[in-house]
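Can you keep this structure in mind? I'll have questions shortly.
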Amino acid sequence: AAEKPPIKIGFIAPKTGNFAQFGLDMLNGFKLYLSEIDYMIAGRKVELIEEDEGATPANAVTKARKLIEHDKVQLMGGLLMAAAAYAVAPVVQEAGVPLVITVAASDDLTQRKASKYLARVSLTGGEHGHVAGDYAYRKLGWRKVAVIAMDYGWGHEVTGGFQRVFEELGGQVIQKIWTPVITTDFGPYVASLKPEADGILDVVTGAASIRLIGELRKAGVLDKKKVLAAGTATDETLLTALGDTALGVLTFLPWSQALDTPENKRFVERIKQVTKKDYVGFSGAINYGAAMWIAEAIRQVGGDVENKEKFFQTLRATEIKSSPRGPIKIDKYGHIIQNIYIRRVDKVGNLYQNTVIETYPSVSQFWKYNPEEYLKQPIYSRDNPPCRHC
Amino acid sequence: MTGHAGDGGATPAVQCEGVTRWFGGLEAVSQVSLSLAAGERRAIIGPNGAGKTTLFRLISGEMPVTAGRVRLFGRDITTTPCHRRTQLGLGRTFQITNLFPTLSVLDNLVLAALGLGRTKFSMLRPLWTYPEPRARALETLDTVGLADKRDAIVRTLSHGEQRQIEMALALLTCPRVLLLDEPTAGLSPAESALMTRAIQQLDRSITILLIEHDMDVVFDIVSRITVLHLGRFFAEGSPAEVRQDPRVQEIYFGAGEVTAC
Amino acid sequence: MEFWVNQTFNGVSYAALLFLLGGGLTLIFGVMKIVNIAHGSFYLVGGYLGVALVAATGNFYLALLGAALAVAAGGVILERVFLRAVEGDDLRQMLLTMGIALFFQDACLLVWGGDPFNLRGPAYFAQSVKLGGFTFPILRLFMIAAAGVLFVVLWWFQEKTRAGAMVRAAIDNAEMTEALGINVPILKMAVFGLGAFLAGVAGVVGSAFMGIYPGLDFEILPYAFVVVIVGGMGSLSGAFVAALVLGLLDNFGKALFPEISYFTLFAPMAIVLAFRPTGLFGRA
Amino acid sequence: MLRVDDVHTYYGDSHILQGVSLEIPRAAIVGILGRNGAGKTTLVRSVMGFTPARRGRILFDEAEITRLRPYRIARLGLCVVSQGRQIFPSLDVAETLAVGARPKPDGWTVEKVYELFPPLRARAHHPAGRLSGGEQQMLAIGRSLMTNPSLLLLDEPTEGLSPLYIEAVGHVIRTLQQSGMSMLLVEQRLRFALLYADYVHIMSRGKIVHSSSPQELGRDADVRARYLGV
Amino acid sequence: MDVAATRAPMRLVTGLAVALVILAGLAPVLPSYVVILMTEGLIYAIAAASLDLLLGFAGLASLGHSAFFAVGAYTTAILVTRHQASFGAALAASIVLAAVASAAIAILVLRATGIYFMMITLAVSLCAWGLAYRWVSLTGGDTGIVGIPRPRVPWVGLASGTLSFYYTVLALFVVCLALYLLLIWSPFGKTLVGIRDSESRMRVLGYNVFLHKAVALVVAGAFAGLAGSLYAYYNGFVGPSAVDLAHSMQFVLMVIVGGPGTLVGPLIGAFAITFLEKMVSVFTERWVMVLAAAYVVTALWAPRGMLGLLRAAR
C-alpha cells in the first residue's frame, strides 16, 4: 500500500506554571504507551504535537485553534483544567475534530453540556462522590458527616454526589465548610469541625491537602475519627510530603500505584524508568490508559481516521479489557465506565502507598440512577443538594 | 449678595474674615481679616513661617479653611473649589516653583491659556486647529522675555528662568485678582527689575496681593503693607510707616545692614 | 473559653505568618519605593533552598540561616545588576521585578520539579506545649517568635540606625543625599539585600508550616501586599498592626462565618483604602 | 583650597560651562554673581560632581576630584546648599539634620542649628516637605552645616529668607570663615555678596567675565550695568 | 492653524497607514495561526492603548484595567448567549457598561495618587476577580461562560472564518486608532499630560482635575470594554482569568514594553507580547524564561520602550 501520511494527534497539557508537573505526568503517561508501540498504529506513524495549556483557558483555546487550523490534527487530547476544557470543547466541536479529555473532571462536560465529538477517559467529581457516599454509609457505618471541601467545581461535585447518595441511604451531612482555593491556614476550619460528626469528608487537593491533613493530624482529629478524602488528596506525588501525617486516611480513585494487577505492575515499572521517581502520579496512569484506548480505536478503523464519523463512532464503542486501572469502556454520553477503588494510606517498609481495600466495579457517572432523570436535575453546586441538617 | 452699603459702594475684591487654619496642633493662620479694594496693590510681609503662603492657599482654595470666610468681589467662595476660583478671576504663583517639568515652555503656556476656555474638553479636534491659545501663549512668552527658550523642556531651564515661567502661567489665566508669592525670589537683580516693571505695568484694574521679602520690589509696587506674625495680623500701613515701626523692625527687618534700601 | 483562646492563638500565629510574608516587602516598598513583584520568588527560592539544606545538613537552623543568606546574596546581585539601571522609575522597576519573578518561577520548576515539598523542622515542631489546660503547637509558637525577631530587626534598622532615613532620603533626592557623603549605591544594595534576606527567612519558616510548591510565589504575593497596603506603605508598625488585625479577622471569620472566608482578607483592604487611601498608618 | 581649572561642562549636547577657572584660598569667601542662566549652578554642580566636567580639572587640597562620585567628594570635606532647597519630603526636620551628620569636636550639632534657626526647633518632627519656603531654606543650610565641611558651596542660600534671617545667615558665614571654613557663595543679592565675599567673579554665558574685589565692583558701576543689569 | 505643529502628526499618520495596509494585505497569505494571533494582537492593542491614555498620558498607573476589559467581555458573553443579542447591540452595551463601571470606580480610586493609586487599583482588580469568581449566577463562576458564537457583521455576514473575523477586528481597530489619535492631539489630551506633571498647578490654572481624570478613566474604560467584547467573540468564552491580576499586569507590561505615553508604543507592545507568548511556546518549553528575559531586557535597555529603541537606532 502507498505510504499514508502520519496521524496527527494534538495534546494540550500545562507545561509551565503551577500545574506543570501535572502536565508533565500526563505527557509521560501518554507518550509511554505510544513509545511502547513505536508510534505506529495500524501501519501509520503517529505524530504527537504537544501544546502548553498555559495558565488561562484563553491560552488553551488559542492553542486548540492552532492545532486545528495550522497543524490540522485528526484528534485532540489532554486538558487538565475544567475551565479550559469547557472553553476548548465548542471550538473543537465546531471544527469536527474528536476531543478526548484525559483529566478535566467537571461533570457537565459529559452530562448537560455533552457534545458530539467529545469523549472523556478520566473521571468526574459526582461519580466519585456517589461511591464515597455509598462506602461511608454501608461500610464505614457513618451516619453524620462533616465536609470540608475546596470552593470550586471539583469540591462542589464530589460533595454533591456524596451528599445525595449518603442522605438517600439515611445519613446526614451536618456541616459543609467551603475553603477558598488558596488557603494558607486550615487551623480555624479544623477547629470548627463539628465534634458530633462520625467522620470527615475531605475534598481538598494538591499542595493544600498537605496542609489540611497535617492540621487534622495536629488537632487530633485523625486519631479520633476516620477521614475519607477525594483521591488526589493523597496522590502518590504527595505521599513523601505528607509523610506519616496521612497514615490511615481513606481515599477513592480509579487507580492506585499499589493496585495489584499484572498490567499495573508492568506499567509502574516502565513509568518509573521514565520519571526516575519512587512515586507515580495518577495522571500518568490515566493518560497511559487514554493512549491505549485511543490506539485501540484507531486500530479498529484500520488507521482510517480521515473518516471522521466512523472513527468517532468506533472510538466511543471501543472497550479495553485490561489497562493499568482495569477495564475501560464509554457510556453513550461520552464518559468512561471504570472501577473505582477505595484506598488507605499505609507505610510499607520505607515507602508509603495507597493500599486498595475495596473495589467498586464498572461505575457509571450516573451511579444507579436513570440518566435521563438524573440529567433533569441541576448540576451539583455549593447549595445543591441543600444542607438540610447543618 | 453684594457689597455692604457702608463701603462707599465699592465691593472689595478680596475679603478675608477671621480666616483660620490649623495643621494638627499648629495654628498656621489665625483669625486673619483682610480687605482689598478692587485695583488695590498690597503686600504681605512677615518672618519665615508667619503663614503668608498658607493664607494664599486658603484664598486660592488649595486647602480649606478651618474657620472664617473668604469673599471674592463680594461673593462667598469659602467652599468653592480651587479651579472654580480661578475661573472667577483669581490667579496665583507658587513660592516653590510648580510647573509641568516634562513639557516644553510653549506647552506649559498653552496649557495655561486653555484653562479658562471650554475647548479644554474638546477631544476630537487637534490642538493645533485652535489658534487662539497658542497666540496668547506666544505673546506672553515675549512679555517675560523667554521667547528663545520656546521649545526647551522646562526641567532643563535654570532656576531663575523657571521662576519667570511661573509668573507667565499666572498671567495667562487672565486674573482680576493676582496672588504673587515671592515672584522675584531667585531672579538676578536685572531680571528682578524687569519683573517688577512688568508687574507695575499690569492693567490697573487687577488687584494684586504680593508676598515678597525684597523691600525694593515691595516699595516699587504697592501702596500698603500688611504684616503677619505667627499667623496673626501684626501691623498695617504704608510702606514708610511699616518700615519705621520699631516692632516690625524687631521681628522682621533686623538691623537692616544687608537689605536696607 | 477554649474556643476563644485557641482561635486567638491561631489568629496571632497566622498574623505572624502574614507579617513574615510582608515584612521584607514593607522594607523594600517603604524605604526604596519599589513594588517588588519578585518578593514571592525570594520566598519560594528561600523555601526550596531550605528544604535542600535541611536534607543536606539535617539542621533546621543552619538551613534557615544558609537559605536566607543565599537569597540575600541573590537580592544584592539583582539590585546591583538590574534594579540600579532603572532607578527612579516605579513602573519600570515593577516590570523588571515581574520579569525576575517569571524567571524564578520557571527556574524553580526546572530545578525542583513540580511536586510539593514539606520542609521538616526539628522533631519538636510537631509537638505542643500545654499551658493552663490549653495546648499550643510549638511550630505556631516558633512562627510567632520568628515574626517577633523580624519585627525587632526591622524596627532597629529603621529607628536605631540612620540607614533607614538615609535610604528614604536617597529615594527622595539621590543627588543631595550623595552630597552629604552618603554612599547611596552600597546602601541601596544593603537594604534590598536585607529585604531579600527577610523573604528568605519567611520562605524557610513558611515552608515548615505550609509546604512549598510551584505557584506559591504568586499565591503569597497578594497576602504580602495586603499587609503592606493596609498597614500603610513604609510603616513598620502599620504592617505589624495590619498583620495582627488581618490575622485575627481572618481566623475568626473562617471559624465563625466560613461563608465569607473569601473576603476576610480583601474586604478589609478595600474598606481601609476607600477611607484612608494611604493605609492605616501611612503618611501621604 | 579649591582650584577650578579651565572647566567645560555639558548637559547632553549643550555646552554650558566654557572654560571656567577660579581659586578659593583657605578661609576665604569667593562670590559668584551673574544673571539667570549664566551657569552659576552648573559650576557648583560640577565641583560637587553632580555633572562632572568633561574637560578641565578640579582640585581640592591638591587632590583631583574632577570625576569622583559626589559622596567621595563630600567625604573629603565639601558640601553644598543646593539651589531650590532639595529637601527630603519623606524625612522630618530632625531626621534630615541627622541623616548626613558627621560630628566633629566643636563642630555643628543639631542643637546649634536650632539655635541659629529657632523655627526649626518648633518643627523638629514635621515632615520637611510641609515646611514653609523659608523654613526649608534654613533646613537646607542646617543640613549642610551638620556635615562640618571645610568648604561649603552656597547656591543662593538666602532665597526666600526674611531680612532677619538673611542677617543671621550673614553672621554664620562670618563666623564660619573665622573658624577657617572656605566658601563659594553664589548670590543674586548684590549687597549681600559685596558685604561678605573676599573676592567676586561675574559669570555670563558660561564664562567668567569679570573678577575683582567687592570694593572694586562696588565702585565700578559700568561693569555692574554691563553684566548684572543694575 | 499652526503648520509646523502638524508635521510630526502627519508623519505618524502616514506610518500608521502604511502599517495598516500591510496588516490588511498580508493576512490572506499568512499561515492561519499567525492570523489568529494577529487578531488577538489587535484586540490587545486596543486595550493596551486605552491603558496608555491613563498610564502614559494622565500618569494614572492603573493595575486594575482588566476589570473594565472584563465588564465588556462578560456583557457580550451574557447578552449573546442568553439573549441572542446582535453584534452591534453587544458591542454598544459592552462599551456603555464598561464606561459606567469605570465612572463608578473613578469615584473610589481617584482620591489616591502615585504609588497609592497603583495599590488601590490593584485592590480593585482583586475584588473584581472575586466578583467574577463568586457571582456564579451571572458569570458562571470558575468555568465562566462558554459557547459565544462568532458575530454576524453587517455587510459581511457571519464572521466565523479566521480571516473574516480578523478583518472585522481590524476595521474596529482602525476606528479606535483614529479616535485615539484625535484624542491625544486634542486639547483634552494635552490636559491629561498636564495633570501627570502637576495636579496642583492644573487646579490653579482653572482645571477641574478630578473631572478630567474621571473622564479619562471613563473613556479608557469604554475602549477597554470594546476590546473585552471583541475578546469574548474571539475566544468564544469568558472566565475569571480575564479579570485576574496577571491579566492587568499584562496590559501594563504591553504599555511599558512599547513605551508609555506614545500611543503607538503600546500597539507594538501588545503585538510583541502576544506573539512572544504564543509563538515562542511553540518552539520551546522554556518560553516563560524567554518572556522573562524580554521583560528584563526591555526594562533595562529600552528606556522609552521599544518605540524609544527604534528612535534611538535611527
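We call the chains A, B, C, D and E, going by the order they appear; numbering starts again at 1 in every chain.
The rule is short, and it goes like this: a residue touches a chain if its C-beta (ideal position, glycine included) is under 8 Å from a C-beta of that chain, and two chains touch if they have at least 3 such contacts.
In this text the structure is predicted, and so the values were computed from the model without any measurement.
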| item | value |
| --- | --- |
| Intersection of the contact lists for chain B and chain D | none |
| Intersection of the contact lists for chain A and chain D | C |
| Chain pair showing more contacts of the two, C-D and A-C | A-C |
| Of all other chains, the one whose Cα centre sits farthest from chain E | D |
| Inter-chain centre distance, chain D versus chain E - centres from mean C-alpha coordinates, in Å | 50 |
| Distance between chain centroids, defined by C-alpha means - chain A, chain E (Å) | 38 |
| For chain C paired with chain E, centre-to-centre distance based on mean C-alpha positions, whole Å | 33 |
| Shared-contact residues (touching 2 or more other chains) in chain C | 105-106, 262 |
| Where chain A touches two or more other chains, by residue | 16-17 |
| Sites on chain B at which at least two other chains make contact | none |
| Inter-chain touch pairs (all) | A-C, A-E, B-D, B-E, C-D, C-E |
| Touching residues on chain E, where the partner in the complex is chain B | 1-2, 5-6, 9, 179, 182-183, 185-191, 193-194, 196-198, 200-209, 215, 219 |
| Residues of chain E touching chain C in the complex | 55, 61, 108, 111-112, 114-116, 118-120, 122-123, 126-127, 130, 133-134, 245-246, 249, 252-253, 256-257, 260, 286, 288-289, 291-296, 298-300 |
| Of chain C, residues touching chain A in the complex | 3, 6-7, 10-11, 13-14, 17, 105-106, 109, 113-118, 120, 126, 128, 137, 140, 210-216, 219-220, 223, 250-252, 254-256, 258-259, 261-262 |
| Contacting residues of chain B [partner chain E, same complex] | 60, 62, 81-84, 86-87, 91-92, 94, 98-103, 107, 110-112, 114-116, 119-131, 133-134, 169-170, 172-173 |
| Contacting residues of chain A [partner chain C, same complex] | 16-22, 24, 151, 177-180, 182-185, 187-189, 191-192, 206-207, 210-211, 214, 218, 237-238, 240-243 |
